[in-house]
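Next come the structures, one after another.
Two complexes come next, and they have one chain in common, chain A, joined by chain B in the first and chain C in the second.
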Partner chain A sequence: MGKVRITVPMNRVEGDLEVRVEIADGVAVDAWCSGTMYRGFERILEGRGALDGLVLTPRICGICGISHLRAAATALENLAGITPPPDATRIRNLTVMTEHVQSDIRQSFLMFAVDFLNPVYEATPLYGEALARFQPFKGETVRQVIRETKKILEIIAILGGQWPHSPFIVPGGLASQPTGESLLRCRLILEQFRRWYERRILGCELERWLEILDSDDLDGWLEEREEHWKSDLGLLLRLARQHGLDRIGGGHDSFLSYGGFPEPDQEKSKGKNGLFPAGFLLDNEVHALDEKRVTEHVAYSWYVDYKGGKHPGDGETQPYATGAEGDKYSWAKAPRYDGRPAETGPLASMMVAGNPLFQDLVRQNGPNAMARQLARLVRPAYFLPAMQRWLAGVSGDEEFYRSNGEIHDGTGCGLGEAARGGLGHWVTIERGRIKKYQIVTPTAWNASPRDSDGTRGPMEESLVGTPVRDPENPVELSHVVRSFDPCLVCTVHAVGRGKKLGRLRLSMTK
Partner chain B sequence: MKAQRIICVGNRFVEADALGGLVFDYLRRHAPPASVQVFDGGLAGLDLLRLVEGAGRVVFVDSMANVEVPGEIIVLDEAGLREIAPDAYDHGAGLPYLVRALPYVCDDPMPELLLVAARTPCQPETVRKAADLAIEIALQGWRAEVAAREEA
Partner chain C sequence: MGSSLYWLQCGGCSGDTWSLFGSETPDVVELLELLEIEVLWHPSLSVASPVEHRRILQRIVDGELELDLLCVEGAIIRGPGGTGMFDTFHGHPKKDLVSKLANRAGTVLAMGTCASFGGVPATGEIEATGLQFHRKVTGGFLGENFRSRSGLPVINLPGCPCHGEVMSGVLTALVTGGQLVLTANNVPEQWYGMLVHQGCVRNEYHEFRVEEHDFGEKGCLFFHMGCQAPMTYGVCNKVLWNRRNSKTSAGVPCLGCTRPDFPREHPFFKSESIAGVPLKLPIGVDRAHYLAYKGLAAAAAPQRLLRRETRV
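And then the complex of A and B:
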């Protein structure tokens, strides 16, 4: 059989991602991930006031706006040498995690699980069960997920004034001070959500899940009780194994995490590095994160060329797409750490943190689509106790804002985990205005094009070797891409595309 | 009486998606009747669910791309809105997805849903007309005589 090139139909991810794959003898042999629209936020920010990133960058994405807001504030704090007070850190951690939790659960059941309803699986044993739970709009799980994620987002609305695009995080802390009543309401919402997550998603208490330390434990847990087997997580695991998701979707075996959930009181935490620490994992060794080792390449991106990679602080965003630019194929740049591609996201966070279950899963089969999605779906099990602890730790009487005065000239960076992985903002202020702003998003890391050395990005690499039974319906490739939860909204483009625009078929009553 | 709400949606920074924001601004300047609650729903999409629940009637205001006649105002009912909804959720899921999901996830009795839409960019007159129509429909529902008057 000769080689064929297909474009993988990627609905249910932001539509500005195009994935092209070359298939030979029923196996993907090469892949190209392309961001098809220009973002340009960096250019929009140039020349604006020092604080404007706080207003504009959260609007890059309607899903992880709090993560952008925190990164923008942290970059300015880094520049100005400001440390926010402990209660502000607690509230920041709590709201960013709330955003993660809703995204993790929605993505798992409103996007990822839908692929198990592909017609190719119609005759397989678990299809009926999957249909009953995951059918869009009607599935039992889908309906519950929409209801419950709606409720947990109220935490951000209560503490931040609104969601999405909340403006409440500022350099030095928070722009508002929560009342005792609002903190109590958040505690009740969080407790209710935890109970639902335990009952519906896990089928067990968080404490029981956290006892799982390797793949044998995971098998034992699955078989232990009917509630585990029948839980949404249990079904997702059974489906993933039935369809071989634990054997597809490898990668470069290098992982990057920015951490970003600091313990509020550094003195009391005695140097602890937060819930999920920052680091770079290569060859089973975790290296301390050094943001100076982050570079961006544009050899295959539609930007004016420069040699090798540039640190984001020195980076440029000069679009170059004339139609005669040769090998370039993406509006996303190619971020690299120490010159290497790196996967970021929940699995990377687990790996860098040394989570024994995920280390074992990757040791056995390498990085794979099932482990990646499992890490996302169970991340709330690790977050929720910390969220409750931090919320309970907010006294309400302490300060929520600490300032050093105006933001002076200089450079700073703000790193942290967004729902899809490491998010970085780099800013340079000169004469009170933004001289340079660079944003490196999680999907830029994962859906990166090739770099100056021609090395594929993580998602491209993960597609290579995937068996494809039917190039007309490459569901295997969809599983792999979706396991990264790519979001090209924040990676590449400047405007909300608005799916309704240009896709309307009207049934007018007028 | 259950609440009557106008929810203006869209991205006010993008001309082709700006009607909701423009109508919201207009309504704020021209105090709507006290019985009508007006919200700027922005890009919240599925997260507008909380605003829809508990209402008796909700009128959305949004831009629509394929309106052929500049200045024409389109009104859709719930069935019309469902027809333009996507088959599944994605990161860009907006108003049509919300409307299609509502019967399955609304924690209160379903409100009456209507959409007032026009193509943007548009003249201020179109914004005014859309705002006035949204108020009228929010108060009284969609009535045949309104259709007859508008078409005249």
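And then the complex of A and C:
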């Protein structure tokens, strides 16, 4: 069998992503990830009011708007030297995590699990069970997920007004003070959601799940009780193993996490990094995160070339694309940390945090599609107790906002974990207006094209080596791509000022 | 006999999809069942393979598969230079697909402000526009004279995102043969015939001109914090968001997101004002009378409001 090149256009991803793969003798030997939409968000922000990023950047993404909102507020706090009051930090952590939890569960069952219904699996043992639960619109799990994820979002509506898209997180804290009765309502919603997650998704109490420290424990847990075996997590694990997802979807073995869930009382928690700390993991060593080491390359992106990589604060974004050019293939730039590609997302957070289960899974098989998806689906088990603790810790009578007057001129950077991984905002304010705004999204990291050294992005690398039985129906590649939970509405880069757009000739299908 | 629906995402954030997922009793899946709507395609939900998807599209375009409802989310991206290549589908401009589908559709619905009027993308350089409006001006991508098979112009359901209950309500009306009365912006009057201000729990602060000057205070957000609620049509404070709340009730100023001119140029969280009085006043009021009334009302403000003793 000779070489074939196929396109794996993805549905059920947020935004527009095209993945092209070269297959030789039934194995993927090369891959290219292209963001196919260009939205020009950063340029929209230039010249606008200092606070306008709070309103506009969440509109980059309808499923992780609060992560953008918090990054925008944090960047301005960084610029202005403000620390929000402890109760505001509690509510911010709680609402960001609420958004992550709905995204993790929706992605797992509305997007990821659906690939197990691929016709190629029709004759396999678990197909009937998968169909009964994961069939779009009809499956039992799908219907419950739609119902319950909607309910947990009510917490954000109660505290922030609505979901999606309410700018209730502001530099200095929150836009308003939650009342005691609204906090009580949130506690009930959270407790109810936790019970559903335990009963339906895990099949056990959170405490039992958190006892799992390595892959033997995981096997033991799965066999221990029928409830574990039969839970949605249990079924997903069985399906993933049956179809070999633990053996595909490797990567560069470098992981990036921005952290971003600070303990509220910063004095008392000095030296502690909070839940899921920031860091860069390379060769089994965690390095402290330094945002100055983040750069973006454009050698293979449709922008005017510059040499090597540039820090987002110094970045240029001038679109440049021509069918004759050959090399460039994506609207996403190529972010690098210390010059290296890095995977970000729930698995990366677990690895950087030193979670023993995920470290063991990766030690045994390397990064893989199953571990990546498992990290996402069980992340709520690690979040929910912290969410409950923070919510219970809000007194309701303390301050929720500290003003520092108008935002003065300067530059600031806001980093934090979005549902899909590390999200960074870099802002420059001049005379009360936004002079420059640069955003590097998690999917820009994961679905990155090649950099100026020609090194593939994490998702591209993870596709290489994947066996593909049928190039007409490459479901294996689909599992790998989806394990990253790609969100290409994240491709936000701006049109350069003064560029004559009419002269560009574009070819998106080389 | 059910209706068929195709959901197309263009230059947007998928917020309208997730907003629809937040609608309740019935939820989105139950709604589709009750109304016997067959979803030919939704990008976040459909299981059809890319090959099947293209076949479905081809059959719609060829007139072999009837399309009753075309829902478009996101602005139509025409750049660069009118090519549409900033947003492609299988290598072709997605805008071409929008035309083909709109010409076959029974009814075309613009889900959200981006598809209705262009929204945030229309303020950038990607040549984005709404389906039949470009901000306040009629025309947009399909042109002023466009009519779908049902004889209707594009039905605009603005909001950034559109309220989930508005989308489910309008779908119900269309499928069950209800009559929609459209306003000048082609929005259904039934869902946009009230101001966001109406029903805001902070109304009493507005009434007595008790003002909020900075976040975290209690007071009316209109005078200094840039609240657009008295100038914006929407159900936000009548049909609550996520069944629970609204922005203004949570102390977040209305952003005016259902308006054709959203996002406005003036900085958010600030009112354009002269001597503490906003330049833009509630829709329909006479400036001189309004100022006289507000002066008297402020003088009559009860102490419990001035001392912020109320829990609102």
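We adopt the following convention: the second predicted complex is superposed on the first by the 483 of 510 C-alpha atoms of A that agree within 3 Å, B and C clash if a C-alpha of one lies under 4 Å from a C-alpha of the other, contacts with A are read in each partner's own complex, and residues count from 1 in each chain.
In this section, contacts are C-beta pairs under 8 Å (C-beta built on N, C-alpha and C of every residue); 3 or more make two chains touch, one makes a residue touch a chain.
As the structure is a computational prediction, the values presented were derived from the model and not from experiment.
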item: Contacts of A:Arg389 with chain B and chain C, given as first, second, both or neither; value: neither
item: Partner chain(s) touched by A:Arg363 [first = chain B, second = chain C, both, neither]; value: neither
item: Larger contact residue set on chain A - chain B or chain C; value: C
item: First, second, both or neither for A:Arg5, with chain B first and chain C second; value: neither
item: Partner chain(s) touched by A:Leu153 [first = chain B, second = chain C, both, neither]; value: both
item: Touching partner for A:Arg143 - first (chain B), second (chain C), both, neither; value: both
item: Contacts of A:His408 with chain B and chain C, given as first, second, both or neither; value: neither
item: Partner chain in contact with A:Phe400 - chain B first, chain C second, else both or neither; value: second
item: Touching partner for A:Leu110 - first (chain B), second (chain C), both, neither; value: both
item: Touching partner for A:Pro164 - first (chain B), second (chain C), both, neither; value: both
item: Interface residues of chain A shared between complexes with chain B and chain C; value: 11-12, 14-15, 59, 62-63, 110-111, 114, 136-138, 142-143, 146-147, 150, 153-154, 163-165, 489, 495, 501-504, 506, 508-509
item: Touch list for chain A against partner chain B, complex; value: 11-15, 59, 62-63, 106, 110-111, 114, 136-138, 142-143, 146-147, 150, 153-154, 163-165, 487, 489, 495-510
item: Residues on chain A engaged by chain C in the complex (per definition of touch); value: 8-9, 11-12, 14-16, 36-41, 43-44, 48-52, 54-56, 59-63, 65, 110-111, 114, 117, 135-138, 142-143, 146-147, 149-150, 153-154, 156-168, 170, 172-177, 179, 319, 331, 399-401, 403, 472-473, 489, 494-495, 501-504, 506, 508-509
item: Chain B to chain A touching residues, read off their complex; value: 10-11, 13-14, 16-17, 42-47, 49-50, 62-66, 74-77, 79-80, 83-84, 86-96, 100-101, 104-105, 107, 142, 147, 150-151
item: Of chain C, residues touching chain A in the complex; value: 11-19, 21-22, 24, 27-29, 32, 39, 43-51, 53, 77, 79-83, 85-91, 120-121, 123-127, 160-161, 214-216, 218, 236, 240-252, 255, 257, 263, 266-270, 311
